[in-house]
Structure formats: structure tokens, C-alpha cells
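Multiple structures follow.
Each of the next two complexes has chain A plus one more chain, namely chain B in the first and chain C in the second.
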Partner chain A sequence: MTAMQALLVSFLIVAVYAAILGALIARTNPLAFMMLTLAAGEMISHSVMLEGLRDYTGGADGLVVGFKGAVLGMQAADFANAARFWPVAWTAAWIAGLIIWTVRRSRLGAILRAVRENEERMRFSGFNTYAPRLIAFVLINMIAAVSGLLHVLNAGFVSPDSLSLSVSTNALVAALMGGVASSAGPIVGGLIFSFAQDEFGAHDATQLFTGVAVVAFIILIPRGVVGGILDAARQSTRSLVGRKRP
Partner chain B sequence: MIALLIANSLALASLLIMLSSGLALIYGLRDVINFGHGALYMLGAYLGYTVALLGGFWLALFVVPILLACLGVAFERLVLRPLQSRSHIEVALVTLGLGIILGQILIFFYGGAARSVDAPRILSGSIEAFGLSYPA
Partner chain C sequence: MLKTEKLSVSYGPLQALSELDLEIDGDGVLHGVIGPNGAGKSTLLDAVCGRRRPTAGTVRYRGQDITRRSVAWRRRHGMARSFQRTSIFQDLTVYEQLRLVAQHLGDRRLDDVIQVMDLADYLDEKAGRIAYGVQRRVDVALALIGRPHLLLMDEPGAGLSAVETLRLFQHLRDLVRERKIAAVAVEHDVDAVFACCDKVTVLDLGRHLATGTPAEIRADRRVVAAYLGSAA
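Entry: the complex of A and B
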């Protein structure tokens, strides 16, 4: 199998897995959803450590991933080179952002927002609330798969650490920091988070930073940096308008 | 052999029962999913270690629950009440974050190495029952 075929096959496997998992859990309420996704993630990260699968997964040692030939016109060494890899990651991030932004503006996005506000009312109004949530779940998992595939190409190495809960909490903290109220939020959050992780990682305080960031953002700026700025802008224009017409 | 396994499981299970009944209690009474519960368990263990070094196991058994009860009051007043109007998920994430912070603070003070507390004389050693000695 060539490297490109391998990437496509793994992408499809993730999509199928996401569809099956989503079909089972997309119907549940937020708390149950949280616990079930947590359980599903732990299941995967522990099953790669199984002794019987050691020949395929490398157990706790992980696997060195190398390939011959070209992927997207680049050799294995090019992906390890930051200058060559950067445009690929940046393009992928932009495409993912555009896809999400398009979905957000579509009919599907409108239904998803309404379901978030009040699932029961949407169901009583005759909307199918299950299919949109399933589609959204599969879509975001496919985007996550792209990000994971790029990670493997870049690092040339994969280990159970890549499957650990901390990867999810890092993404969660990044999303909280930027704010989940707009498509730009996670992007801004991702930038702030990567920068902060570098800064705190130098003092071996990454975990502490994660904890403090979660608490501080939820309590003080629940809508994140982007949401907070939008709110502040709206408030100041309102007060300006109010002053003109007392 | 099986008797030993059962005795060990019962000992471990009683710890888990105390932990999980705490989770059930705070979910039932306060509608809070407490992801920081494990960190409080750990704090209890480390405070127990410190107090046991200073004044022995029985003093620790008396003092540490009181200390953690005070912490619980502070947690309720300072965190849970102000966040009462927030969604479940947000409160759960705050408890997760506080748990991480507490864990890191404990690692800062105690380091990553394991500590042990000597059991008092009445609880140490093994007992004979049904022709078996436990712990073996």
C-alpha cells in the first residue's frame, strides 16, 4: 500500500468509527455524551496498550512511522522539516476553518444552533434533531482525523500519548480560551494556547496552567477572548447610541 | 487464594464506595458533577501523611476529616454558589480545573515519590480467620 492510500484508508476508518460511535451516542444528553466520549477515548487508548496487539501498535513504546515515495508531492523528510510542513498545516487549518464556517452559515448550522438552545422544542416543532447532530459529530471527527494524520506525518512517530485524555483537554482549553461562540474563537484560542504552553512548559508548569486556564476562563470570560471582545464592542456601541438619544 | 482476593477486593471496594457515594451525594443534592473528587481524595491522603508524622495516625484520622470539611464549606461558598446559574458542563469543567490545580500544588509540596504512613499497632500485623492469615 502506498503512503497516500494508507492515509486515505485510515481517514475512512476514522469516519466509519465516528459514524458508528455517533449513531450510538449522539442522542444522549450533554452529561452522558461527555461521559460516553470519555469512555470511548479511554477504550481506544487502553486497547493499543494490550499485550496481544503489541506487534501492531508497539504498546507503550509507540511506532516509528516512515514511508517511501511522496505524499502531496513531499517526501518523508520534508514533513519533518518545519519550513516545508508549515504551509501544509496552515492550508489544512484554513480549509477546515472554511468548512466549519460554511456549515455554520448553512441550514444545518441554523438547526444545530437551535438544537443547542432547546432540543426538545426543536423535536416538537417537527425537526429531526438526531441526524444533524450525527452529521456534525462525524464532520468534526473527520477534521480531527486530518489533524491526527498531519501530526503523524510531521512527527514520524505515534505513541499512546497521542491518544491520552490530555490531548482532548488541551483542545478543550484552547476552545474555551478563544470562545466557542464563533468560528474564529478556536483559532484565536489555539494560537494563545500554543504560545502559553511554550511559555509555561519552560517552567514545567503546563498542567498547572491548564487547570488555572479552565477555571479562570469559565468563571471570568465564559464566552472566551473572541466572544468577550464581541460582547464588549456591542455594549460600547449600545452605550454610544444610548447617549445620543437620551 | 480466592478468600484473599475477596478480602482484598472488599478492602479496596470500601474505599471506592466512600468515594462514589460522595460523587452521588453531590450530584443528587447540588446537581454538580465533581471531577475534582479524586483530587480531594489525594489531598486527604497527603494531609493524613503530614498529620500522622506530627501526631500519629489517630490524630490524623480525627483532624484531617475536619480540615477537609472546612475546605468543602469554602468550595461550596466560593465556587458552587456563585456558579449556580451556570450549565452543568461549565461547573463540571471548573471542578476538573480545580482538581488539576490541587493535584499540581500537592506535587509541588510533596514531590512525585510515594510516601507511607505506619499503621497503628492495633491495625498492623495480620489476623487469623477460618484457618487463613490476612493480610498474608
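Entry: the complex of A and C
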């Protein structure tokens, strides 16, 4: 199997796993859904440590990932080179953003926004809310799979720590910081979170500052940075329009 | 149009509805349901529309036993519902949400609903930013899309003044007659119900107390004793 084929198979495995897991948990209420998602992550995290799977997962030592030949026209060493890897990651991020933006503007996007806001009303409007939730779950898992594959190609190594609960919660914290009201929110949140981790990580205070940041964001800007900026812009526009009136 | 047979709903040890037999006529009849707090009015609507599964009894809709049908199925087959606490999509514009539901239910006469509920001036507004009275109209408009045969309304006048509630009920009565649909309105405002409903059912402690025209209900001694008192 070539490296490219292996990547595609990995991607498909994630998609199938997401579809099966999603089919089981997409019916649950938001809190149960979140808990089950994290629990499923923990299940995988502990599975890779099983002695019987050590040959495939590397167990607690992790897995060195190397390949011969080319992937996307690049050798294994090229992926470790920031100057070569950056355009690939940047392009992937833009494609993912474009997909999300397109979905958001589509009928499916309108249905997903409405389900997020008031699922009961959607059911009382004749919609089956299970299918859109499942589609969204699989779609977002596929995007996460792309980022995971890029991470592996870049690092050349998979640590069991990358499957830990803290990595999952980091993504939630980043989304909370940026705000989930728009597609840009989680991206902005991710940038802020990564920057903050680099800064505070050096002082060995990552968890402390993460906790403080979560509390501060929930209290001060519950709609996140992007949501807060949008609200402020809307208020400014309103007050300007209000002043112009006689 | 709608028939409940020995319909019972309990919340744990509490019997919210007890062997309720009720028949709702179609063709332009606005049917009010009144009763004191805890009478089982909202529970009745929940059980009829599929939000809560009955512990016993059946719900028949247009001759068919629909007791175990899903909420979405009932909606697609013409049973619509509005809520006591306004249940709309706050972050979508009025038009976005009406269009979304109209497309799904294949209703091409959305303009008709907009006109009937007098929403033309609010179409581009986010629903969360419009006045509460208009939000109530959006709530009813969402239920009216798809030309339902049966409209269930849980306290459509909640949060409105007595005058606004009466006006809304007059509007609903005209709508029900014009479209020849059946409508059930659970309501606390007895004056609005007596003024506008063709039939009234009174519930008390989960049991059926009486059904009749407003005049018959006003004159019913059991109803007066249990609920209306001096208000009658």
C-alpha cells in the first residue's frame, strides 16, 4: 500500500467510525451528546494502550510514522520542513473553511442553524432532525480527520497524549473563546488558544490560565470574541442610525 | 377530526390526565380548552401532538390511530402546534424561518400566511429582536404553514394584554372559519375563549368536566362550582 493509499484508508476509517458513532449518539440531548463524544474519545485513547494492539498503535511509546515515496508531491522530510508544510496546511484550512462556509449558506446550513437553536420547533415543523445532526457530525469529523492526518505528516509521530481528554477539551475551549455563533468563531478561538498556549506554556501555567480564560470568557463575552465583536458592531450601527433620525 | 379515547398521562405518581374522552370537530370550529392550573390542558395538547406519550388510551386523527406516531409525522400530515412559551428561531430572520418550513412542507402560499399574520413589515428582522406580540404571531405563522387540518395552540395569548388576546382570538376565529380547519386553543383568558370559540371544553384535575357552546358552559353548574365561580 502506498502512503497516499494509507492516508485515504485512514480517512475512510475515520468517516465510517464517525458515521457509526454518530448514528448511536446523534439522537441524544446536547449535554449527553457532549459527554458521549468525550467518552468515545477516551475509549479510543485507552484502546491504543492495550498490549494486544501494541504492534499497531505503539502503546504508551506512541507510533513513529514514516513513509517512502511522495504524498501530495512531497517526501516525508518535506512535511517536517515548516516552509514546505505551511502552504499545504494553509490550503487545507482554506478548503475546510470554504466547505463550512458553503454548507452554512446552503439549505442544509439553514436547517442545522435552526436545529441548533430550537430542535423541538423543527420537529414540530415536520423535520426529521436526526439526519442533519448525523450529517454535521460526520462532516466535522472528516475535517478533524484531515487536521489529524496533517499533524501526523508534520510531526512524523503520534503520541498517545494526542488522544487525551485535554486535547478534546482544548478544542471546546477554543470554540468557546471564538464563539460558535459564526464559522469564523472557532477558527479565531483556535488562533487565540494556540497563541496563549505557546505564551503561558513556557511559564508552566497552561492549565491555570486555561481555567481562568474559560471563566472570564463565559462571564464577560459569552458569545465569544467573534460573537462579541459582531454584537458591538450591531449596537454601534443601531446607535448611529438612531442618531440620524430626527 | 380528532378524538381521544380514555387518554391518560401521568408524571410519575401524578395523574395529569385521566381517561379523557374528547372529540374535536373539523371545518371551521375553534375549540377552547379551559380549566384551573393543573387541570391537564397543556398535557392534553402534548399528548395529542406527540410531545408526550400517553400512559394509556388512544389518539385518533382523521380516523387513524396516531398514538405512536412521531411529532414530525403528525406535522407532515396536517397537525400543527404553537407553544405557550414562544418557540421560534430567534437567530433567523422572520422570512428565513418561514421559508425554511414552507419549503420543507411544500407550501407555495407563504405570502398568504405572511399576510394573514400581518408579518410583512418584519420579514428581514431577526426574530429575537422583534416585539413579543409579533413573536407570538410568528409562532402561529410557523404552525399555519402547510395548510394544517388541525391547529393546536397552547395559550396563544400568553404574555399579551387582555385586549391583545381578544384581538388575537378574533383573528384566529376568522382564520379558522375562512380556512375551514379545526383549531384547539388552551387558554387562561376565559373572556376571550367565551367571546370567540365555537365550543369550549373544561378540564379539572385531569378529568373532563364539560363540553359545549360558551353559553352552555357558562350555565353549567359543575363548571361554575369548580372553575368559573363568580366570573360566570
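We adopt the following convention: the second predicted complex is superposed on the first by the 245 of 246 C-alpha atoms of A that agree within 3 Å, B and C clash if a C-alpha of one lies under 4 Å from a C-alpha of the other, contacts with A are read in each partner's own complex, and residues count from 1 in each chain.
Criterion: contacts are C-beta pairs under 8 Å (C-beta built on N, C-alpha and C of every residue); 3 or more make two chains touch, one makes a residue touch a chain.
The structure displayed is predicted, hence computed values, not measured ones.
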For this session: Could you tell me whether chain B and chain C fit or clash when both sit on chain A in the superposition?
Result: fit
Exercise. Which partner does A:149 reach: the first (chain B), the second (chain C), both, or neither?
Worked result: neither
For this session: Identify the partner contact of A:219: answer first if only chain B is touched, second if only chain C is, both if each is, neither if none is.
Result: first
For this session: Tell me which partner A:207 touches in the superposition: chain B (first), chain C (second), both or neither.
Result: first
Problem set entry | From chain A, separation angle of chain B and chain C (C-alpha centres, steps of 10 degrees) | 80
Exercise. Touch check for A:158: first (chain B), second (chain C), both, or neither?
Worked result: neither
Exercise. Of the partners chain B and chain C, which touch A:48 in the superposed model: first, second, both, neither?
Worked result: neither
For this session: Go through the superposed model and pick first if A:174 touches only chain B, second if only chain C, both, or neither.
Result: neither
Exercise. Once the shared chain is lined up, is A:110 touching chain B (first), chain C (second), both, or neither of them?
Worked result: second
Exercise. Which partner does A:18 contact after superposing on A: first (chain B), second (chain C), both, neither?
Worked result: neither
For this session: Taking the superposition as given, tell me the minimum C-alpha spacing from chain B to chain C, whole angstrom.
Result: 15
Problem set entry | chain C-contacting residues of chain A that also contact chain B | none
Problem set entry | Of chain A, residues touching chain C in the complex | 107, 110-111, 113-114, 117-118, 120-121, 123-128, 181
For this session: Report the residues of chain A in contact with chain B in the complex, numbered from low to high.
Result: 30-31, 34, 169, 172, 176, 205, 207-208, 210-215, 218-219, 222
For this session: Can you check the complex and tell me which residues of chain C touch chain A?
Result: 49, 51, 70-72, 75-76, 80-81, 83, 87-92, 96-97, 100-101, 103-105, 142-143, 145-146
Seminar exercise, completed: Interface with chain A, chain B side, in the complex: residues 33, 82-83, 86-90, 92-94, 96-101, 103-105
